[in-house]
Every structure is written in structure tokens, then in C-alpha cells.
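Okay, structure first, notes after.
Letters A, B and C mark the chains as written, and numbering starts fresh at 1 in each.
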Amino acid sequence: MLFRKRTREMLLVAFFLTPALLVFFVYRIVPLLWNLALSFAFWSPGGSYEFAGLEHYTEMFVYDDVFRTSFVNTLIYMASMPLAIVVALFVALLVNARIRGRNVYRTIVFLSYPMMPVAVGIIWQWLYNEKVGLINYVLQSAGVIDTPIAFLNSTALALPSVIVVGMWQILGFFMIILLTGLQSIPQSLYEAAAIDGAGPTKSFFRITLPLLRPSLFLCFVIGVISSFTSFDLVYVMTEGGPAHATELLITYIYKTAFGLSEFDYAGALTVVMFTLFLSITLILNRFSGGEAGKVDGAN
Amino acid sequence: MQRVPRWSIHLALVVICFFMLIPFYWVLKTSVAGENIFAYPPSLVPKDPHPFYFIDVWYDIPFARFFLNSVVVVTIVIVLNLVFNAMAGYALTRDFAGKKAILFVLLSCMMIPFQATIIPAYLITAKMGLLNTYLGLALPEVSHIICILVFKANFEAVPKSLVEAARIDGVPEWKIVYKIMLPLSKPAIATNIVFSFVWTWNHFLWPLIIISDQDMQTLPLGLSYFLSYFEDTTGALYAFCVMVLAPTVFVFLMVQRQFIQGLTSGSTKG
Amino acid sequence: MDLLRALLFNRATLSLAALAVAVGLWNVYVAAHDDGLLAGRVVGPDGRPVAGAKVTLLQQILVGYERIESTTTDGRGAFRFTRHNQHKPVLLAEKDGVGASARTPVRLYFRNQNRVLAQPLRLDRN
């Protein structure tokens, strides 16, 4: 009797878990291993696998300049995220104040986050337009520049321009995370600090920042993820150009695999990207005390 | 924060909101502009606004078809997500051998970004013959680990006594989930719907890879093709952007609270 | 019952319903006005009606214009197309010995919309 109950319970659990696990098995675990296999093989669609050893990795690290560029660009993208976090922290502090209409402010700041990146890229491309773009118009009217700047066609400015858009889009999400963190700080701490004679600045650095650490790291992890996943913006705004100035690892992988049909080499690129991603996330995880790992890397 | 005067907070926030909103304003302005949009200096307000760019989008490209494709895929994803995630989340509230291992596998899978799987995922989908199909578009997204965990947390918060009482009364297990657990899990359901909608509606890379048939293109894909092919119909391009963003804005404004709660609970509490 | 009411009367459902009604009404309007009737008049440089002028319905394409169909004005300079099947047709009128009109785009709100042009096509170019 007991045994039968156990079995039924197991069957039920198995039945309930199977669909989800199957999806993750087929679309997460198998691809990961397949990528690994591809990266050590010579293979093109329709052909047979041949062992390649470290051939792809050698090519990548020794000869492939585009790989190096896209690797560095991905790191730059990632490294610029703290700037967005600082701005988001500033905004979060503002909308955390007891002021009228703060919900409206929160809504507006957050609004850009769920918008389709393809459309966002097209909109910003229009804002950046060299001849009639709003940004150039404002800068010229204000007398900051004399001749219009071709933001997305300049090797120096293209990447920062794309990153600004990425920041603009993710700012609201950071703000909400930091706001949640701020609201979980007990008010009594501030009151106690005030009694002890600590000013706002002091209590910000002594109370707010330390207690906000998990939220800040969470933001950074999300920023890291976005630097690996911002395919859409780059693809729409610059297609990785000019001269690979905005090439990220993910766009390079896409081009290598689906543009050039070099699936094996793209597999090796993916392995490198994934390793980089994993190591950075794990390091961050250490720093933040294990809180930040609980982010879905899925999107 | 007490010493900062209120008006300065308002001022700072108004400035920030201005920067957050200006791209939206600019695309909206361009999409109804009656003036030549390539004239310099650009006009800050639309002159003689008209809706003709929107009409061009409707007739010059199969907008309705793209829209339908997107809606179908999003619907499949939302429904399957709710079913699969609720099932898995419920299973994970039970005690069984190997639960720890399964949780570990799930948490590890969370660390695999979708972008790192595209090549084999494409090959698998091709092997299954699902290129250019709704199912092929939807399958990789029909379950999200984060949502499973949200469901799990939500189910665990349901009072045990309620479930026990039902079990003693001999209510079958699926009915317990359906009649007791789910009605008490509205936040989790909202989170699920919001996640699935935003992710799938906006998803570009996956359709770009597996869709080559124009009839099966989703909105982001249609938009990017419009960008590359119709360079002379710029006004219509921005009208298209507005038409693509409008549903998200609508959903966002309708379920704003659940939206923000869902996104934050999904990413912070896990 | 409460659940039903909650499902029916929330702002999301109500907004969607309002949207559906608006779309429905619009479609009724379209169905009543989509005979594709496009009518107008042709006048000479002097402003007097021109009979026997050839009016061509064009469609703008990527690299220029494509001819759809032509008709001729009657004794009072009037012309009409039916079932033009366009949402932004371009009209061109011409008559040997008098001249031609500018290519005149007509913006319609939906395909095959009935429209009577208020301004005549003026044959003021040679």
C-alpha cells in the first residue's frame, strides 16, 4: 500500500516535471554540449564530423582580429553598465522620496524597458541621423558642434552610441530593482542614525549603499547579461559596423554561423562567449554573497 | 533626504522623464508628420499631421499577417508556459527522491543564455522539421525556469491545511492544483503572462534564424526587413514602429502593477 | 459569478472591447464606401473644362510610376474611375495640343475609398 502510494507520487511528479525538463534538455543542455562538440570539429551542414582538435581556438585567439574586436567590445559594453547603475540609483533615490506623483515618474522611467529592441534601435537610429536627427539638431542649435556628427558611422562613436541606447532601455529596470532594495531597508536604521547625528550623506554611505549591495550586484549581473545578449540593437542600428566597431560576440557568432555557414567555428566562438559569461557571473556571485546568481540568463 | 527641497526633486525627475520620453515623442511625431521629414532643420512639432504613413504600412506590407503571426506565437507561448510552469512548480513543492538534483539542473540551466544555444537549437529545430513554423518559433520559450520558481514559491505559500483537507476528502491531485492552488496564485500567473508576452513579442534573434518564409515573419522580423528594403518609405517605417510598440504600451498600462512586480519578483526573489 | 464579473469588467477587457467596437464600426464604414469610385474634373490653363482629355491612374512604385488604367473626360470635363483598387493613386491628365497636369497624388484612408476630387486637374504643363 505504502509502496503503491510512493510509486504514484513519483509518477505524478515525473509527469508534472517532464514537459518543462524536456524543453530545457532539448533547448539548453543538448545545445551546450553540441556547441562544445562542434568547437572541436570540422563540420559544415550536410558534411560529416572530423576531429579538429584546438584548430578553431588557435585560429580565434591567434589570427582572428574580428574576434578580438568583438571580445573587447563586449567587455566595453559590460564595463559601461555601472554608469547606468549609478544613474538608476540616483533616479531610484528620487522616486523613493515622499513626493506627489512618484508612481507616474516610476512608470515613465520604466516604460522603455519592455519595448521591442528592434523598434527602439530604429527609433534611435533616427535620432542619431546625421542630417536631420534630433540629437545633431539640438547639438548644433546649442552651438556645441559646428558640423553634424555621423554617430553610427564613426568608428569611434558608434559603440558608445549603441551603448547609450542600451542604457536608456535598461535604466528603468535597474531603477525598479534598486527601488525594491531601498524599500527593504528598515526606516528605523535611518532614524537611529539621525539620532546619532549622522547627516544624509553619512547615512547614505553608511546605511544605504552597504545594504543595497545585493541589488547593485543584481543590476550588474543583468547588465552583464545584456552585454552578451544585445543582439537586436546592434543588428538594427549598425549591423556590427562600421568596420566591426560595434561587433559584439553575439553578432559575430550570428554572422559566422548564419551568414558564412561556418557552424563549427561559430560553435567555438559560442563556447568562449559562454565561458566568459559564466566566469564573470560566478565572480560577481561571489562578491554579492550568492544573491545575484538567481537571474534568468534565458533572455 | 529631508533637506532636499521637493521642487528640486520634481525638477530632476521631470528632466529625467523628458529624456526617457523624447524618443517616443520623436517617433510619434515623425510617424504623423505632414512636412518633409528629411528637411533641415527638423520641425519640433508635426505640421499638418496625417495618418497616411500608417495606411501605407497597412497596405504596403502584410502587417496584419505579421501581427497575426506574433499573436499566435505569443499565445502558444503564454498558454504552454502557464501549463508547464505551473505543473513543474507544483511538482517541486512535493518531496521526492532527486529533487535537489533537479533543482540544481534547473538553476544551472538558468545560467545558459539563449544566445549561447542558437546554433544547435537551429540544427535541432531543422531536424524536427519545424523551420518556418509557429511551433518552431514557440518551442524554445514554452517554459521559463524563473517562472517555475515563481510558481513554486507561490504554491508553497498556499496554506498546507487547505490542501490536506482536500486530500482527505479524496479530491484528485489535478483538481487540487486547478481548484485550490491556481486561484491563490494570481501573482505568479500574472508574472508568467507578463514575462512570456514581453520576451516572445520582442524576440528577434530566434525568428531571424529559423524563419525564411515571408508569410511566417513576426513583427520584429517584418520591421527589420522593412528597414533594409524600403529605404525610401522612412515615414512609414516609423509608423510601423509605433504600431509595433502600441500593444506593449497597452499591455503595460493595463497591468502596470503586476508588470513591474512580476519582473522584479522574477529577477530578484527567484 | 464574481469571477465572471471581474473578468468582464476590468479596464483591460473594457478597453479591448472599446477597441473592437471601434474597429467594427470602421469596417462597417469602409464596407459602405469602398466602391473604388474616383471622380474629378479636368480644366485647361484658362480654368475651363476640357473634354476628351486622357486621364491616367498611376501607382507609385519604387523607381517611378506604373500605369493602372486610363479614361477620357466627357463633354463637361468630368472623369471617373471605378474599382481603382488603390490607397494612394496618382492621377495624370493630358491632352494633345493643350498640355498635361502635374502628377497629382490622392491620399485615401483605405483601399478603394470613394472620393470626388474637390480640385480639378489643371492642364498647365506642356
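Keep this in mind: a contact is a pair of C-beta atoms (placed from the backbone, for glycine too) under 8 Å apart; a residue touches a chain by one contact, two chains touch by 3 or more.
Predicted model only: the values in this text are computed from it and were never measured.
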Chain at the geometric heart of the assembly (C-alpha centres): B
B-C or A-B - the one linked by more C-beta pairs in contact: A-B
Per Cα centroids, the chain farthest from subunit A: C
Whole-Å gap separating subunit A and subunit C, where each centre is the average of the chain's CA atoms: 48
Centre distance in Å when subunit A and subunit B are each reduced to the mean of their C-alpha atoms: 16
Centroid spacing, where centroids are CA-atom means, of subunit B and subunit C in whole angstrom: 38
Residues of subunit B touching subunit A in the complex: 1-4, 6, 9-10, 12-13, 16-17, 19-24, 26-27, 30, 37-42, 80, 83-85, 87-88, 90-92, 94, 96-97, 102, 105-107, 109-124, 139-140, 142-146, 148, 173, 198-199, 201-202, 204-205, 208-209, 219-220, 223-224, 227, 237-238, 241, 244-245, 248-249, 252, 256, 259-260, 263-264, 266-270
In the complex, subunit A residues that touch subunit B: 9-10, 12-13, 15-17, 19-21, 23-24, 26-32, 34-35, 38, 45, 91, 93-97, 99, 105-120, 122-124, 126-127, 131-134, 137, 141, 168, 171-173, 176-177, 180, 200, 215, 218, 222, 225, 228-229, 231-232, 235-236, 250, 253-254, 257-258, 263, 266-267, 270, 273-274, 277-278, 281, 293-299
Residue numbers on subunit B that touch subunit C, as the complex places them: 50-52, 55-56, 59, 232, 250, 254-255
In the complex with subunit B, residue positions of subunit C that touch it: 11-12, 15, 62, 87-88, 107-111
